[in-house]
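Take a look at the following structure, please.
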């Protein structure tokens, strides 16, 4: 341990019995992010809100972050930790740029780096409080992977974090997963819109202003934020919902 | 005792802007038996001559595998080479763990260069007394690099280091252009021809003293030693016979 | 040379009676022995051109480059002892990244120059170290403003409109001085830089060489990158044409 790290340790909260407290809860949070594989690559969706507890604190936040030429990082959970990870990856990519050797790292490497970081932080019981989706194309192959604050990783044709893992996953499993290889862009887009809409109806930390992103062989494309149409007529008939 | 005032250590410049200790370390490389490296568009090859201190001893190891996709041939202080190959292996393993892919060989050489440079700027240290030829592959295909005590790491189509390696280089300079499209076997034969040029009159390449290694687009680093080199030595002989007939 | 044999030139921690540090001067000799590097600053950019001397045809063209990116907006060109240069490149990259990390902003070229210079200077203080045998030049942008600095082996550095180091620095300087730098476009500066390197290259001493050119300017969107291939080719054509009388056409590898 070097001197700065020791200094940092001393600055941590120390409890009465002499143990250290690190991050115990996320503060400003983003809710679910979704990802699916389709015919031409990978598509992701996230809304634009960052909540402070139940307060809708920031309503124009981009949670789909491009890394390099063919990778997108989608972040849910603590937004400051997400920003920290973005900075960290900026450093990695700057290093790659400086090598100037046409050997720039791809999606799998970025996923591996992030997984290592997340696991090593959790091993220090000082996790980065996030659930991430890493998506991209490397050597013509689509990649969609998940990593969270425990350092847990898995890859799947459909992934959702947070509330989405309860509400969007069944929809994605039904409409997207069985057809991952022949799903068109328009269909993929519609499925994600529908998932985000259902999430907006059910997840109180969500928002109907969303962004989508795709990685195809042509590269990365991230949409401008746009609003999903909603219809609240159904609420009238449900007791305890809305009005 | 010393040849001049400026050659005691690596932290002194000579009035001409030279660092003699580095130049002397380069001489140590020339004491080692020769290694030849060459590449085509699809393969990279190392061939080397192994020495044996006496009849009862085994032959020294000249080619060391670093990783599935990388290996080195050494000339000079073997103990220094072991330190450097250990370093390279560690780098390659760490890179796999961190990035989930193979360490590009150019970057391996870069980190080796950084490590070796430190030995050339501080008092009390000495430059590494070993030269390396490294072959490896990345997304751009096969590569051949040299490392020498000055910590410079150039990339070559073909090169040789070690004792009497200049004669091999002369051969390579003459014929390197035709290597580009050759199949692996013929590339190895060219390597052996260059290597044979470095031998003194009374010495021959044989199964005991010859080491061959290659890497290719469709093959990992492969070392051929001992009896297995027989095939290539025979191919070498028949191609030399053919040349004489011509 | 009066310095030799006096004993005052064996360590960089020793002054000579007339106040010189001979080891620093000797380090400069290493720079003078290496290929020429020049840089030209125009109104909206900087171009670096390097004569990379190639010792054998066996070396792969385009390998072992002597121009190095430091950050997106800064790059180094170099003459001197390559391993020493690389050490400095590593230092510069670390400093640039530390600044980015701390301030979420690219490091101003002036600030980076200052830090690199301090590092070079530190290696002129102790008998256990030797000075860097490198005299790199740094090109960078801060907003729309281009910057060019040249470091000396002593750790001194100055800002320039045009500078040269290496074998033919005198000749190259004279050539740069002839240019109308306040009106030269960056594209034209690329051509002139190529011409100057071709002019000062000594065919009789070094048979083979490669011309490396990188720039940072408005056209490159403030990024330090290699000069685009078509412009590079155009510049080489121009250089050969201009030097038709005294150059053979075998300088291209």
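Per-chain residue numbering starts at 1, and chain names A, B and C are given in the order in which the chains are listed.
By our rule, contacts are C-beta pairs under 8 Å (C-beta built on N, C-alpha and C of every residue); 3 or more make two chains touch, one makes a residue touch a chain.
It should be emphasised that the depicted structure is a prediction, and the values quoted were computed from it without experimental measurement.
Student: Would you mind checking which pair of chains has the most C-beta pairs in contact?
Tutor: Chain pair with the maximum contact count: B-C.
Student: Average the CA atoms of each chain to get its centre, and name the chain whose centre is farthest from that of chain C.
Tutor: A
Student: If you average the Cα atoms of chain B and of chain C to get two centres, how far apart are those centres in Å?
Tutor: 31
Student: Using Cα averages as centroids, what's the distance between chain A and chain C in whole Å?
Tutor: That gives a centre separation of 44 Å.
Student: Let me have the rounded angstrom distance from the C-alpha centre of chain A over to the C-alpha centre of chain B, please.
Tutor: It comes to 47 Å between the two C-alpha centres.
Student: Which parts of chain C, given as residue numbers and ranges, touch two or more other chains?
Tutor: Residues: none.
Student: Can you tell me which residues of chain B touch two or more of the remaining chains?
Tutor: 110
Student: Show me the residue ranges of chain C that touch chain A in the complex, using the header's touch definition.
Tutor: Listed in rising order, the residues are 65, 68-72, 93, 97, 100-101, 104.
Student: Taking the complex as given, what residues does chain A use to touch chain B?
Tutor: Residues 99, 101-103, 105-106, 108-109, 111-113, 116 of chain A touch chain B in their complex.
Student: Along chain C, where are the residues that touch chain B in the complex?
Tutor: 1, 3-5, 7, 9-11, 22-23, 26-33, 56-60, 63-64, 82-84, 86-87, 90, 123, 127-131, 133
Student: List the residues on chain B that touch chain A in their complex, please.
Tutor: The contact residues of chain B facing chain A are 97-101, 104, 106-107, 110, 138-140.
Student: Tell me, which parts of chain A touch chain C in their complex?
Tutor: Listed in rising order, the residues of chain A that touch chain C are 87, 90-91, 94-95, 97-98, 100.
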